[in-house]
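Multiple structures follow.
Consider the two complexes below, in which subunit A is the common component and subunit B and subunit C are the respective partners.
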Partner chain A sequence: MAAHTTKICLSLGRINGPGFGQYASLNRATYATALSTSNFTGNKGGPDRGGRGAFVRRPRREPGEPRTEKMDSQQDWSAVYPSAASFRPGSVPLPVRMGYPVKGGVPSEKRGNLELIKIPNFLHLTPAAIKKHCEALKPFCTEWPAGLDSDGDLDKHLPIQIETTDYVSAGPSVRNPAARVVTLRVRLSSLNLDEHAREKMLKLLGDRYCKDTDILTITTDSCPLKQQNTDYAMYLLTVLYHEAWKTEAWESEMTRADRREYIWEDSASQQNVLDTLARMGVGEGEAPPREVLLARPEVQQYRDSVTRLKNEGESEGATLRYREAVKKLLSL
Partner chain B sequence: MVSPSHNAPGLSKNMAASGRHAGHYINKNSRSLLNHLDKLLGQRGFALSSVLRQQTATLQNDSTEAIVIPRKKTWGKEAVLEALASTVNRDPTAYHYQFQDDPYLSPRTSAESKLYSMSQESGRAAAKYFVDMYPKYFTKDFAEPHIPCLMPASVALSLEEVSEEALKERIGLRKVGAAVEMYDQLVQAGTPISKQMTYDLLDLICFYGDREPAQEGEPEADQTEASAEELRRKRGRFHRASDTLRGVWRENNNAERLFRLLPEREARCYSAVIRGMVKHGAFAKAFDMYTDMLNNRLTADVDIFNALILAVPEMREAYTEKVDFITDLLNQMSQQKVQPNLQTFNNVLKVLRRCGALAKSISLQTLSEMKALGIAPSLASFNHLLAIFYKGGSAADYPTDILQELLSEIETTSFTCQDPEDVWFFSSAMKICLETKDMKLGYKVQSLVGVGDNWRLLGDSYQQGMFYYRFFSLLCLMEHVDVVLKWYHQLMPSLYYPNPQGMRDLLQALDTESRLELLPSIWKDVKTLGHDNKSDLVEELLSLMAREKHSPEVQESFADCALDIKAAFDVDRRKPSLEWSPLALGHVTTLLLRAGRIPQAWEMMQLFKSKNRIPSEALLEDFLSQCSGAPTTAVELVKLSAAFCLPATPQLAQRVLLEFDLTEDQRTTLSELESSWDHNE
Partner chain C sequence: MSSTGRGVTSPLCFSSDPNSAPCPALNKYGGAREVHSDRLCNGKDFLRNSTFGFEKFERLSWSQIITNTTITVTDEPDTLFQKVSVLVKGHDRSVLDSYEFFATMAAKELGITLGNVFEPPKDVLRLTLLKSIHIFKKHRVQYEMRTHYRCLELFRLTGSTAQVYLEYIQRNLPEGVAMEVSKIAVAKVPEHILQPMWEEPTADNAPSPTADLKG
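Then we have the complex of A and B:
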């Protein structure tokens, strides 16, 4: 009934309006009259609604009951969150609170809480879900080779480790430039190197070698593709190995300053010690031979302390040890 | 899915997961390294070489334990995703995944769900329209690897000159009128057109019946009117709605004209024309064309026969004649050495549906033929079979248990869609189960839906709704109410929005097992589903609640529910609201009284007055017994009943006088009422 009345008013409005402007105003007028004459259902606005002359608005749609009410406590959670999704307060039946509390209050509840939506959540990776995923992925795996049981075995048979990273994200493109990075790790002890080769190799490697774990790490990212970078890393390893074994002609011109580590033998320090000992008059009678002097325990201790100081840098322990060694040497 | 390590370098935005894949290089390479070393050995000193050899020896010793590294498995691109997806089951409380999972935005009624899904589709269609109309704005390709369906499709004609390429383009874009025009222009200009092109054009015209293909969402108002006129002229009898959609094969249309112009006619042209004629309703002509073809000594192919079989019921009226005609066609088919396919048998069964009682034996023969030829029947064949055997209204006419045998055969088969009529199988099977009241069969059909990909064959929203409605009705009829409620919570709202009839079946089931304390939660569901404006449903609910007295907590919940229902009757709502009936008013008042809510009950009595409905005597008696200690209310009540001129007024007046402590005025009023009533009598 009410709707019918409105329609009549509107049609009248259209007939009566000659020009566009008048038409519009008449239309508005007829809308206003329509509102005032009939008890229009759904018009909860009241007097101001009619005064504005706006369109009749429907009553506000109420939100339904969140589906947490209907959820069974024994339900299958991996069906609710099968994959990564943002937090939905209507679907997560936990009374979670998040946010900085107002003074004397508590953190805000989960309904309409942007903080909970912004952060990544792992609701799709509960332990039960992970178990199910592992079971489903088992057919894709092959079994572990029989002889490789411990880390030692792995190092022995498969000394080279190659590490790559794959990236997954939601977007139109699956490519990610960070996926081309390849890291190759190998223990130097598994490579066959003699003294000279090892020294040369260590000089070549510089930063890439870690003395504590004896692992050489080569990271390549200069090529655009992962496969190219792995090939390049293997190539680098091969080249390093072969170069270490080669002896160039100019290597014979190596001086003490070029050496990687400090060696006490034939150094100024050794000469100083010998001179000092000779001057102190150690050894009765004529000067004992160098080897005997050098073999004395104090001299050995001094040698160790000086080597440690020079190679490892100054530290409190090293300096103290040097002091002890000097005191013993000079029999103080 | 891949567990992230704690020193993952960078998680990209949008919930990315990075996986670290540490691989050990294969044994082969390290062995080649060792082999290389052997060659170098010769250059070194003897002492060193002995050491190295020993090393190699020990390594080789160990490697002779044969570390067998198994060969890597390969799999398709989606295999991992499919494996992970198989771990996920259906969530019974969630709505369909295409909707937003939010209490405000999810569709709560079936109308809303249809509206939302259609609006999503229309949004997609609008986006596709814009991308296709203005391709110059959508040239940049973000997707890697390339996704062809997101790129602008060419819908506009690009070639304007009169040439064969232009004709090909028009055929490719399915522009029927433009293609015919181009063809005419080419013929006038005298350019030679290849045979294949002409046949393609003929195919196009016959497929669309010489009309433009219907655009999405554009109603073909004038066309359907015109064709409806023609139909009414042609055939006096009842024409189905499908005819108006199909359109009509006009006399001497472009297809026939083109056909006549063709210098040599191959089987392919005949096929196109015959199938077009059958599709668009020119059945007699189709048969004429067929005889023409036979006269030209060409063999028909399987599609022609399929179309002709479909045309049989339009050509003959009597059942026997139809059957004879079909057998004749099939014999001709075998004579011409044409192998039938699934569509042939499905069409035969479809036509047999209109052949009366003869159909039963013949359909079984058809099935055995299919088996002999090794063609697996599709769900459409089974659907036709069910329609043939389970014809007629009542369950008593079904002497056969063919559905049972059928289901036991196809219990674990997963079907794919091979025929458009496949989607009718499940709803008709469930209809039969409902009519024969066979619960076991119902469960079997329901479990068949869960096998493999069969859920895709449930059909559109209407058919799905029918299927689940019938299943649910069957459950309500046959099963214990706990099972019914379990299924109710499983099916609603993820798969099925119950219609009012379904809710009434549920109420019936609850009533049978007298589990009426669940009625308030059912009312909540009714409100969510938007059925709270169906007066019969609401009244049935109210009468069930008000019928007997229950325990106090239950009465309280019933009273709250009654108040809620009262709100549903209120006028200021957008939806068309309900009209109060006397029964409904009475029930609500009774419920309120039973819970002891006198003021609200009094409001109800006022409502009686304002709506001009008459309360029953029992109600008034009830009210009086409840409102002891409120004599004014009692007096008002008697006045009310007097206003309605109820015959019970004097008894009420007497009761009040006896039971209540009244003031003098009240007494006088009451005695006046009593006496005036007697006088009126």
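Then we have the complex of A and C:
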């Protein structure tokens, strides 16, 4: 092309020739020297060069053939895309097409395709590259200890679970206030508690205890930092534990109404049953002793149904069971 | 049984949680500056390279980084995670597909047990707004914003492994994708909860207020 030609002529004057034909007239005095004559700065495309036609650009250096032509199929791809970079059509030797096609057409080719540049690509994370990275990262990993492979083992040896959440996102700030929330979970059976301590602990916990799974859950978010919240959760657990073992003087004044669960023994219901059976004349002759009466299966069934009703609340099943128990007891 | 392992200091480690207290053994860049100084002591003028920022760290080849780093093994016990759950959110499902492939492959290569990898249903936020700035109540325009999710569950990781894996995953998080990592760390019952403190026999001369403690 004319721009690259090296004219060894010390001419001063008009230069007209092939490649310059698009210009009507060219009044430029240039020195054509041994170096490349491509330094025309005069009419170099101004802000509005659209007035003259499609390609009004000054002839400049040819971009040359794209790198894809010179790529070997066995090359090291991680050298082409070592880290995240936008899509370069000249560096990716694939006939990729993207975009919504015009009617009767196909998606646009990769050259100058903005859609390909906009979308995040994973060209730097090919399987070979991932393997290389992981090989380099392996020395920094440690092995899981051998004896803790099942959940049961973990529960036995490491019963306390602390759950935390981290957040990664782009935005005006990297901080996320939800990241300070800490949840501590522990099975009560793994703590050293006796009966009284367990009852007191359950009273103290209230809603934080799940009866089905025997798990105590403490969620803390009152402190601004995660570490502070974990410390606070451990502090709460410690205080609960030690308070549960303490017996205050006023605990001896506990009445039946203060109890967490309903107990049938020594209750009004038990007394009622005994009276009713006595009046029915169960056991011919002299009244059999209390223990014998209480050990009868109907009485046991009645006891179960009443306890369930009181503790678990009323439901259709529970009420039906109570009905059956009463019918059996009264031999209806 | 002791469950403590030895923690390994990663040269690339800085906490993925910006709210946590910084680890005292590491400097501001989490040890990476040691890597820098190793490289820069190879005859390069530090002043000339004073703009050698942390961003350029990624453009080094991995072999260059690793030959110059020192792996320090500390004696502080490694935390143990029963479960690490990684949820990624994005607007484009295909980007999340590729990311899932990358993350699962990385987990396999590093020897991490993968649990369930699933796609929670997407959330669509729809807005119906007035098209015109004034009157024309009958003419509206509707926008929607779709958030797709992908969840990976990993089980039984040590603290060092989790740190390495999560940092690797997070450095390669694509643009426009957010991540939530929820970790369940397991720990022993601490010594001060093993025995109730009230039971210490005559630790002090004064009788404790709970002298009538029932066993």
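In this text, the second predicted complex is superposed on the first by the 190 of 332 C-alpha atoms of A that agree within 3 Å, B and C clash if a C-alpha of one lies under 4 Å from a C-alpha of the other, contacts with A are read in each partner's own complex, and residues count from 1 in each chain.
The working rule: contacts are C-beta pairs under 8 Å (C-beta built on N, C-alpha and C of every residue); 3 or more make two chains touch, one makes a residue touch a chain.
Everything numeric here is computed off the predicted structure, so don't read it as measured data.
Chemist: In the superposed arrangement, which partner chain does A:D149 touch: subunit B (first), subunit C (second), both, or neither?
Modeler: second
Chemist: Taking the superposition on A as described, I'd like to know which of subunit B and subunit C A:H196 touches: first, second, both or neither.
Modeler: A:H196: touches subunit C, not subunit B.
Chemist: Could you say whether A:S73 touches subunit B, subunit C, both of them, or neither, answering first, second, both or neither?
Modeler: In the superposition, A:S73 touches no partner, neither subunit B nor subunit C.
Chemist: Based on the superposed arrangement, let me know which partner A:P172 touches: subunit B (first), subunit C (second), both, or neither?
Modeler: A:P172: touches subunit B, not subunit C.
Chemist: Applying the document's definition of touch, where does A:W245 land relative to subunit B and subunit C: first, second, both, or neither?
Modeler: After superposing on A, A:W245 lies in contact with both subunit B and subunit C.
Chemist: So, does A:R58 touch the first partner subunit B, the second partner subunit C, both, or neither?
Modeler: first
Chemist: Counting only touches as set out at the top, which of subunit B and subunit C does A:T255 meet: first, second, both, neither?
Modeler: Neither: A:T255 stays clear of subunit B and subunit C.
Chemist: When the two structures are overlaid on chain A, which partner does A:S331 contact: first (subunit B), second (subunit C), both, or neither?
Modeler: Neither partner.
Chemist: Using the superposition on chain A described above, determine whether A:K226 touches subunit B (first), subunit C (second), both, or neither.
Modeler: second
Chemist: Check subunit A for residues that touch subunit B in one structure and subunit C in the other, and list them.
Modeler: Touching subunit B in the first complex and subunit C in the second, residues 82, 84, 120, 125, 130, 132-133, 135-137, 139-143, 145, 147-148, 154, 157-170, 174-176, 192, 194, 234, 245 of subunit A appear in both lists.
Chemist: With touch defined as at the start, can you tell me which subunit A residues reach subunit C in the complex?
Modeler: Against subunit C, subunit A makes touches at 82-84, 119-120, 122, 124-125, 127, 130-145, 147-149, 151, 154, 157-170, 174-176, 179-180, 186, 190-192, 194, 196-197, 224-227, 234, 237-238, 241-242, 244-249.
Chemist: Going by the contact rule at the top, pick out the subunit A residues touching subunit B in the complex.
Modeler: Going by the criterion above, the answer is residues 39, 41-44, 58-59, 61, 63-67, 70-71, 75-76, 78-80, 82, 84, 86, 88, 90-91, 120, 125, 129-130, 132-133, 135-137, 139-143, 145-148, 154, 156-176, 178, 192, 194, 234, 245.
Chemist: Name, in rising order, each residue of subunit C that touches subunit A in their complex.
Modeler: These residues of subunit C touch subunit A: 1, 3, 5-8, 10-11, 16-21, 58-59, 61-63, 65-66, 71, 78, 80, 82, 92, 95, 98-99, 102, 105-106, 109-111, 156-161, 164-165, 168, 170, 172-190, 192-199, 209-210, 212-215.
Chemist: Where on subunit B is subunit A touching in the complex?
Modeler: 1-3, 8-27, 29-30, 37, 40, 44, 48, 52, 55, 59, 62-63, 65-73, 75, 79-80, 83-94, 101-104, 106, 108, 142-145, 147, 489, 524, 528, 571-574, 577
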